[in-house]
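Each of the next two complexes has subunit A plus one more chain, namely subunit B in the first and subunit C in the second.
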Partner chain A sequence: MNADIIVVGGGVVGTALAYGFARQGLSVLVLDGEDGDMRAARANFGLVWVQGKGAKAPAYHDLTRQSANLWPTFLQELEGCVETRIDYARPGGLFYCLSDHEYEARDALNKRMHNQAEYADTRMVDRRELERMMPAVTFGSEVVGASYCLADGHANPLQLLAALQQAITALGSKLLFRSTVGSIRPEKTGFTVHATSGSFRAPKVVVAAGLATPLLTEPLGFTIPLRSERGQLLVTERLAPILPYPASGLRQTADGTVMIGATKEEATDRGVTVASATKLALRATRIIPALSAARLVRQWSGFRVMPPDGSPIYAQSERYPGLFAAACHSGVTLAAAHAAIVAPAMIAGRLSRDLAAFSNGRFDVQKCA
Partner chain B sequence: MSYDVAIIGAGPAGMSAAVRLRALGAAVIVIDEQPAPGGQIFRGIERNAASPVFPALGEDYAKGCALVAAFRASGAEYLPSTQVWQIEDGWNLFLTTERKARHITARAVLLANGAQERPVPFPGWTLPNVMTVGAAQILLKSGGMLPEGRIWIAGAGPLPLLYATQLLNLGGRIAGYLDTATTPKLSALARLPGAWREFGNLAKGLRWLRDVRRSGMMIKGFSDLRAEGEERLEHLTWEAAGKRHRVEADVLLVHEGVVPRIHETLALRCEHIWNEEQGYLAPKLDRWGQTSRKDLFVAGDAGGIGGWMAATVSGEIAALGIAGQLGIAANPDDLRQAAHLDQRRARALALRPFLDALYPPPRTRLADDVIACRCEEVTAGAIRSAARNSPADPSAVKAATRCGMGPCQGRQCGYTVQALLAEVHGLPIGDVSFFHIRPPLKPITLGEIASLEHAEGAA
Partner chain C sequence: MFKSVLERPGVPPDMMVLVNGVETPAWDGETVASVLLRVPDAGRRSPISGTLRLPYCQMGVCFECLAIVDGIASTQGCLVPVQPGMRIESQRGPREISR
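What follows is the complex of A and B.
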């Protein structure tokens, strides 16, 4: 055996799980793909976000909230393990409303969620209160208010990925780049994973390969349904600090750059379009007109990993116990839960008990109904 | 607005292509970052023609007058001071002139956007008053401005010598010239016979060298050049013959050759070829200058460094190639022969193999504390450390260090990152890829982009 557990995928989901396994004392081998692979871990927006998540899926909302609450400890432990620093702040987050209609719809969503979960930390703030909260900003005339959730924050997702990758090595486990996995073969005991860099054996395998996950699990009768959704993002030059609160689709990083995103598109190529840049720039400058003068430095696209109902999938194959899959959107928000909750549950065989709502079996039920 | 051909750049290649295409009846728009035609080599030529600076700029500069006049008379639509910030398939070009964004379409695009100076990091290169020779020459051509104080030049290649000569012609002085060129190797001399056909050019180079020697100190065979100072450049130090030398300096002009501007072709995902001898990437072109993407052409130094005469010819060749492909000219091959374009190009490039061998890019090891990425202030050491924790992939280093994420989009640090990754992973430099280039090709404000919505809504 080459390791106690092999993780296929060196993105933010795979490395957070691997970090969780390594912290439990397991020897982990992470196999990462090619340089040019689609990498949600490098394209994403960097929110550690609670409000609005899992509006129709209480278990997902709870896991999100748990993860957001675990983040400070997770970060402290991670930074204790590697030299990399991760920009993180949790001042609470905003969702701007640009009309009475948007404001009322958001208010209704919050009230609905109050009924199903602890949601007292989210409230509507009107324009006057927004202006008090952000004295350095002059809001556009259409800004009516926002919803404000104390549990929200943001982090630098690239630093997070780098730290997780380094932590795996620091904990004595291994990460191999340019090791695209072609197939996973169940053996009498354990599995053989065939990768471009060689073949590796382990008693357990976790597939956390983003949108490529089904390619590896489907041949083994292990169905992980996913769809991809393209999102385009913009980032400006560095500006003096003006946005003390991250917002859905608009945040200022610790470096001073302002990120604006993200569109939701059906496209499958990784291009970007001026039409989407125009849409994103328009909304951002309607919220804060002064952003008109900010220079756009970069525009890029990434692909969301979307299970059909939006909730994560954490599953173990019934036919081949020891083969797991983890696929989800919001890998940054959920990173703390992946390390502290999901990884231990996988090892201890408690996945179906503790995280039953996230099994892939839930989609079969829907089909039968 | 819709055109047959959109040409980007109004230097020798762009102008000659425009003149040819107009003569064949194509609807042509030329988009130029500069306020007037001429490119870098003939920058400001129309305005300078009547100025006392003109004779000092040399014979080659004067040769641009006829081309600019022909371009002005060609009937091509000319958009000066305009930046192309995005090119989408089809072709859709997004431009900004004086802070106003607009959109045009064209059946074919010719990139004739030239070269940029090779960024060469060394200790102190980011200090104020350390600048490139190219930047100094822009100041000279744009307003006759000369640097003041003790001026030092460090570099290699024809441009520093030419600039030094221009400076001396205008009564300027050079305190010293640090010649970074290595002694000509046999490999360079072996290529000389071909170059003798262009004896004029070679003699010119030797004359420049003699003039510079007469003016100030000429230093060769040194290493570890450092620019030092508190707020700005104060002195230079270097090592020679086992001794550390130190001089006071007010201005240091550096130059280590030019490399093609490839951000546009990279962003458009054209195939590129690594030029090992000169250490740069250039788009792969067919015999008409067409890239790996149909109806996207490149002419001039943007397709590989050849100098202005070769650029002029390649502009004409690309014009004929485009005209043939768009059905504007039925017999591009005949026209190519009739104008002796291949012979003219061979003559223009005769000296190039010799120059390329004579002036290889510097490949000294960068110290860990030298800044590689100016925009984000990332040191060579930080890049090495990220490279050790990643595959030999510039995107991974960019993600880990922010190197290349600043406004210059990696124009300054791209090749440095590539070289450092190659060094850390023990690979040939050409095996390491370049950054993924993301739009916009030029910084544009959010307000300018947002204004496109209104413009299109109103249309």
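What follows is the complex of A and C.
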């Protein structure tokens, strides 16, 4: 055996799980793909976000909230492990409303979610209160107010990924880049994983390969349904601090750049379009007109990893126990939960008990009926 | 510091520009970044680390030549040809946008 457990995928989901396994004392081998592969871990917006998540899926909302609450400790332990810094702040987050209709709809959503569970940390703030919270900007005339959630924050996702990758090595486990996995073969005991860099054996395998996950699991009769959704993002030059609160689709990083995102598109190529740049820039300047003076330095596309119902999938194959899959949107927000909750549950065989709501069996209509 | 290859004793420069308020000779076809390389203490400070930076790649990639050109901050100096009387100022921190 080459390791106690092999993780296929060195993105933010795979590395967070691997980090969780390594912290439990397991020897982990992470097999990552090619440098040019599509990576939500590198393309994402960087929010650690609670409000509005899982509006129709209480278990997802609870896991999101747990993860957001675990984030400060997760970060502290991770930074201690690799002696690197990850920009992170949790001042609470905003969802801007540009009409009375948007304001009322958001208020109704918050109330609906409050009814599901007792969380009193999201409230509506009107324009006057927003102006007090953000004295460095003048809001556009359409800004009515915002929804403000104390549990929200943001982080630098690139620093997070780098730190997780380093931490795996620091804990004595191994990460191999440019090791695309072609197939997983069940053996009498454990599995053989065939990668471009060689073949590796372990008693347990976790597939966390983003949108490529079904390609590896489907041949083994292990169905992980996923949909790809393109999102385009913009980033400006570095500006003096003007946005003390991250918002859905608009945040200023610790380095000063302003990120503007993100579209939802059906396209499958990794191109960018003028139409999307215009749409994103227009909404951002309707919120803060002065942003029209800022220069854009980059525009890019990323692909969301979307389970059919939006909630994460954490599953173990019934036919081949020891074969797991993890796939979700929001790998940054959920990173702390992946390390502290999901990874330990996988090792202890408690996945179906502790995280039953996230099994892939929920998509099996016959079984549910 | 660098010296222009076009500089000849007794031959006047093509134009004068202002670098941090100081009259500075410049030649047709050169960029703001190339002028900045000839002027002592005209570098910018990184808004992240605060360290001193000078124009580097000369092809629009590294953003080390950001300067305030005719009042517009964060201008990539290597992409802007000089014009007579141009006002070039060193950018010492992040750009500020008006309220």
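Operating definition for what follows: the second predicted complex is superposed on the first by the 364 of 369 C-alpha atoms of A that agree within 3 Å, B and C clash if a C-alpha of one lies under 4 Å from a C-alpha of the other, contacts with A are read in each partner's own complex, and residues count from 1 in each chain.
The working rule: contacts are C-beta pairs under 8 Å (C-beta built on N, C-alpha and C of every residue); 3 or more make two chains touch, one makes a residue touch a chain.
Bear in mind the structure is a predicted one, so any value in this text is a computation, not a measurement.
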Overlay on subunit A: subunit C relative to subunit B, clash or fit: clash
First, second, both or neither for A:M134, with subunit B first and subunit C second: neither
Partner chain(s) touched by A:K279 [first = subunit B, second = subunit C, both, neither]: first
Touching partner for A:Q166 - first (subunit B), second (subunit C), both, neither: first
Which of subunit B and subunit C A:R178 touches, first, second, both or neither: first
Touched partner set for A:R42, first subunit B, second subunit C, both or neither: first
Partner with the higher number of touched subunit A residues, subunit C or subunit B: B
Which superposed partner A:A240 touches (first subunit B, second subunit C, both, neither): second
Partner chain(s) touched by A:A55 [first = subunit B, second = subunit C, both, neither]: neither
Which of subunit B and subunit C A:D255 touches, first, second, both or neither: both
Which of subunit B and subunit C A:R295 touches, first, second, both or neither: both
Offending stretch of subunit B which, after superposing on A, collides with subunit C (from 135-143, 297-305, 315-323 or 441-449): 135-143
Where subunit A meets both subunit C and subunit B, residue numbers: 237, 255, 291, 293-295, 297
Touch list for subunit A against partner subunit C, complex: 136-138, 237-240, 242, 255-256, 290-291, 293-295, 297
For the subunit A and subunit B complex, residues of the former touching the latter: 32, 35, 42, 158, 161-162, 165-166, 169, 177-178, 234, 236-237, 255, 260, 272-274, 277-279, 281-282, 284-285, 291-300
Parts of subunit C lying in touch with subunit A, wherever the complex brings them together: 47-48, 63, 66, 74, 93-99
Footprint of subunit A on subunit B - complex, ascending: 86, 88, 92, 94, 103, 386, 389-391, 393, 395-396, 399-400, 402, 405-407, 409, 433, 438-440, 443-447, 449-450, 452-453
